[in-house]
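What follows is a pair of complexes built around chain A, which joins chain B in one and chain C in the other.
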Partner chain A sequence: MDLSIINISLIGVICLLAVGLYGLLILRNLIKVVIALQIIVKAALLGLITAGAARDQINLTQSLAVTVIVADTVVAVIGMAFAVQVRRRLGTLDIRDLSSLRG
Partner chain B sequence: MSTTMILLTICLPWIGGLFIWIIGDRHPRTQHALAACFAVAAGLSSLALLPFTSDSAAITIEMGSVFGRFTFVPDGLGVFLAIIAAVVGSLAVIFSIDYMHGEEQLGRYYSLVLFFIGAMAGLGLSGSFLLMFLFWEITAFCSYALISFHNDDPKAVAGGIKALIMTQLGGIGLLVGALIAHDYLNSYQIHDFLANASALPPNTLTFIAFGFLLAAAAKSAQVPLHTWLPDAMEAPTPVTALIHAATMVNAGVYLLARFYPAFESVPGWSVSVITVGLLSAILAAMMAIVSTDLKRALAYSTVSQLGYMVFAVGTGGVFASQYHLLSHSIFKALLFLSAGTVIHVVGTRDMRLMGGLGKQMPITRLVFIIGSLALAGIPIANGFFSKELVLETGLEYGPVWAYAGMLIGTGLTALYTLRMIAMVFYGETRVTEKVHDAPPAMRISLGILAFGTLTSWLLAGPFGHMLEASLPFHDLHFRETSELVIEILSTPATWIVLLVVALGLGSWFLRKTLRSLEVFWEPLKTFALKGWGFEWINLQVIHLTRNLSSTLRITQTGQLNWNILGIIGGLSILLTFLAWGGMR
Partner chain C sequence: MLYALILAAATISAIQAIRGKRLITSTLWLAGVSALLSVFFYLMRAPLVAVIELSVGAGLVTVLFVFAISVAGEEGMDQPSLLPKPLAWVLVSFSALILGWFLLPQTGNSSPASEPSFATIFWEYRGLDVLIQVVLIFAGVLGLLGLLAEAKAPLDHPMADEFAAKRERALREMEAQEMDIHEG
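And now, the complex of A and B:
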C-alpha cells in the first residue's frame, strides 16, 4: 500500500473514530463523554475532506465542513450546558447515576 | 363517462365526510341531512356504473418509480362490490338518522362512515395491487375507529384494537404477496398477474396464494382469525350492518374470487379454502346457537355464511359465491338493522331479556322474519336460491365430506334463526316499559332491504352475464334466471337441503322431547360458549407478547455506555451487510 495523502488521512479518520467510540463506551464523566463525541465529529470532518480531495470536489466538501463545524459547536455547547444542569440538580457528573430512562 | 362515475362513487362520500366534519357538531340536523344526501348520491352514481362494465382500465394514474401505475378497472366483480358498498351504505346512513338521533360527536361518526363507503368502492374498483392494498387498509382503519366509536367504553376500545390487529395480519399477507408478484412480473397490475400467473415458479405462486388466503381469512373473519368479529359488535348497529355484515367482511371473499383463476392450480390451495370455509360455517353456526346476545348471534351467523362463500370459491363456484354474497349483504344488513331497531327500543342486547316484542313491533317483526327466511334458506327469499347454488356447486365439484358438513351447517342455520325469532318476538313479554315500533327513517331502510331480500334473486341472470362479459380470466357460464331457478328447483339435492332445514326447524319445536340427548350436547355447548378455544389461543399470544417484552426490558439499562454499544453494534452489522452485498 503506497502512503498517499489520502491513505494517511483515512488512517487518521479510523484512529480518531476508534478513540472517540472507545471514549463513549468507557468514560463515565459527562464532560468527557461530550469531548469523546467531539472527537468522533472531528473524525467525520476529516473523512469528509478526504472524500472531497479524492473525488476532486474539495470546494463542495470544504463548504460542507464549515457547516458541520458550526452545527458541531452547537452540539458541544448544548452538551456542556446539560452537564452543568445535571451537576446542579443531581450533584454528580457520573453517567451511571443518570439512568432514569431505564425500561 | 365511466371515469366520471368511478370518481363520483369514490369521491362523493369523501367530500361529504369532509363537509360534515367541517360543519361541526353544533348543527346535528344539517349533518344528518348532508350525510344522507351524499350517501344516496354515491349510491346512485355507483348504480350508474352498471352500463359501463368492461375489463380495461378506465382511469390510469402514473405514479412513477416503485409505485407503478394506479388503475381503476370497472369490471363486473368490482362494480358489483362498489354498488353493494354505496347502496347498502346509503341505507345504513338513512337508518342512522333515527338510530344516532341525539348522539354526540355525529361529525366523527358520519365522516368515518362516508370515508369507509368511498374506500370500499375504491377497493372493488382498483386494478393495481398497491392501490387495492391502500383501500384495504383504509377500510380496516375505518372499521377500527367505528368499533371504538364509544371510546369511553373499555369493551368498545378493546374490540376495536382486536379487530385492527387481526385484520392487519391479513394486510401483511396481501402486501407480501403483492410485492413478491411485482418482483417477478415487474408490474402491480392485477390484469398482468392473472394473465401471467402460470409463468411464476410454482413455489412462489404457492406462497402468494397462501398469503392471499391469510388476508381473506383475516378480513372475512374465517377460522382461525374469526374472533374479532363478535367483539366488533360494540360498534353502533348501522355500522355493524354496513361494515361487519354487508361490505368489509366480503372483501376477503372478493379477493379469493378475483384471484381464483391464478391460484386454482396451486396444489392444496383449493382444499385449504374448502376446509377454512367448512370449519367457519359449522363452528360459527354452533356458537350462534348458544349465544344469548342478539348481535353476537348474528355476528356468528355472518362468519358462518361467509364460510359458505369461501367454500363456494374453493370448489370453483365463483359465480355461486358472488351470488350468495349479494343475497347475504342484503338480508344480513336487513337482519342487523331490524335487530338494531329492537336494541334501540329495548335498550339491551341480551335476548333473554326480550321476548314477546312481536305484538308491539309488528313491522320490525315482519322484516326480521323476511330476513330470517333468507338466512335459513327457505324458498321465495334470495338466500334460498344462492345457498342452493353454493351447495349444488359443492356437490358437483367439491369433496363429499365437505358437502356433508355444509349440509349439517344449513340445518344448524335454520335452528339458530328460529331460536332468535322465538326468543325476541314471541313468548312471554319481559320488557316492562312501553315500546314503540321503528321510526320513519328506519322504516325506509328496512322496507327497501326487505324488498331486496324478496326479489334480488331475480337478478341472477343479468348479474351472471355482467360477470361473464367483463372477467376474461374466469371460467364462467352465463345462465338465464329462469334456467337457473328451474335447475335449482328440479335437482334432488335441493330437496335434501330443504329436508335438513326442516329437521333444523323441527328440532327447535321438539327441544323439550330432545332433552334426553342433552348428555351429548352439554359438553359441546360448554366448549362452544368458550369459543372453541380460539379465545384461549388469543390470550396465550397476548401473554407471550407481554412476557417477552417484560423480559426484554432488561436490555434498557438507561446507561449511556450500553446505548452506544448498541448503536455501534447495529452500525457494524449494517456495514457488514453492505460490504457483503457490494462484494457479490
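And now, the complex of A and C:
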C-alpha cells in the first residue's frame, strides 16, 4: 500500500479514535471521560483537515474546523462544570454513582 | 516519515492520557496531543487551524481542566473499569477495522480548481456557522458560570432535603402572614 501523507494521517485518525473510544468504554472518572471525548474530537478534526488536503479544499475545511474547535471547547467547559457540580452535590466523580440522581 | 512520527507521538500521548493515574498528568498528556496535532496541521498547510488549536486546545482547555481538577479534587483512580477490558478491546478493534476497511487506502486529489480565500469562505459562505459559534460561546460562558457557582448545599445534604426545607419555610411564613391578617 502506498503510504502517502493522506493515508498516514487517516491511520492516525483511526488510532486516535480507537484510543478515545477505548477510554470512553472503560473509564469511570467523570473528568477522564471528558478527556476521552476530547481525544475523539481531535481525531475528527484531524480527519476533517485530511479530507480538505486530499481534495485541495483546505480553506473550506479550515473554516469548518474552527467551528468544530469552538464546539469542542464548549463541550469541555460544560463537561467540567457538570463534573464540578456533581462532585459538590454527590461527593464523587464516579459515573456509576450518577444513577442516584434518579428522581 | 516526519508526519508518521508526529502522529505516532500524538497517539502515544493519547494512550498516556487515558492510562494516567493522576488527573493532572492526563490533562498534560492531552495538551501534548493538541500541540502535536497543531504541528501536523501546520505541515498540512492549515496554519489558521493550527494556531487556533494550539491556543485553544493546548492552552485554554488545559487551564480549564486544571482549574476544574483543583476545584473537584483528585480521586482514587484504581477503580475497576466500566466494561470488562477484553470486551472493550474487541469492540474498539472491531470499529477500528471497519473504519480502516472503508477509509484505506485513499488516493487523493481530484479537483485542483482554485479555491476562495479563508476569509471569504469563513465570513460569506459559512456565515451561519459564525452565528452558531456565537451562540455556542454564549452557552460556554453560561457553563463557566456554572463551574464558578458556589455550592449552597453541603455534601451530606442531598438537594431534595434542601428544597423541602425551603418549601417548609415558605409555607410557615405564609401561615404567619395569614395569622397577622386575621388578627388585624
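One rule holds in what follows: the second predicted complex is superposed on the first by the 99 of 103 C-alpha atoms of A that agree within 3 Å, B and C clash if a C-alpha of one lies under 4 Å from a C-alpha of the other, contacts with A are read in each partner's own complex, and residues count from 1 in each chain.
Quick note on the criterion: a residue touches a chain if its C-beta (ideal position, glycine included) is under 8 Å from a C-beta of that chain, and two chains touch if they have at least 3 such contacts.
No experiment lies behind these values; they were computed from the predicted model shown.
Enquirer: Once the structures are superposed on A, label A:L98 by its partner contacts, choosing first (chain B), second (chain C), both or neither.
Expert: Touch status of A:L98: first partner only.
Enquirer: Touching A:A76 in the superposition: chain B (first), chain C (second), both, neither?
Expert: second
Enquirer: With both structures fitted on chain A, tell me whether chain B or chain C touches more of chain A's residues.
Expert: Tallying touched residues of chain A, the top partner is C.
Enquirer: Of the two partner chains, chain B (first) and chain C (second), which one does A:K42 touch, if any: first, second, both, or neither?
Expert: It touches chain C, and chain B stays clear.
Enquirer: In the superposed arrangement, does A:L21 touch chain B (first), chain C (second), both or neither?
Expert: Touch status of A:L21: both partners.
Enquirer: For chain A, which residues belong to both interfaces, chain B and chain C?
Expert: Correct list for chain A: 21, 25-26, 28, 95-96.
Enquirer: Would you tell me which residues of chain A are touching chain C in their complex?
Expert: 1-23, 25-29, 31-32, 34-36, 38-39, 42, 45-46, 49-50, 52-67, 69-74, 76-78, 80-85, 87-96
Enquirer: So in the complex, which bits of chain B are touching chain A?
Expert: Going by the criterion above, the answer is residues 552-561, 564-565, 568.
Enquirer: Quick check on the complex: what are the chain C residues that touch chain A?
Expert: For chain C paired with chain A, touching residues are 3-4, 7, 10-11, 14-15, 17-18, 23, 26-27, 30, 33-34, 37, 40-41, 44-46, 48-49, 52-53, 56-57, 60-61, 64-65, 67-69, 71-73, 75, 77, 79-83, 85, 88-89, 91-93, 95-96, 99-100, 103-113, 115-118, 121-122, 125-126, 129, 132-133, 136-137, 139-140, 143-144, 146-147, 149, 151, 153, 155-156, 158-159.
Enquirer: With touch defined as at the start, can you tell me which chain A residues reach chain B in the complex?
Expert: 21, 24-26, 28, 33, 95-96, 98-103
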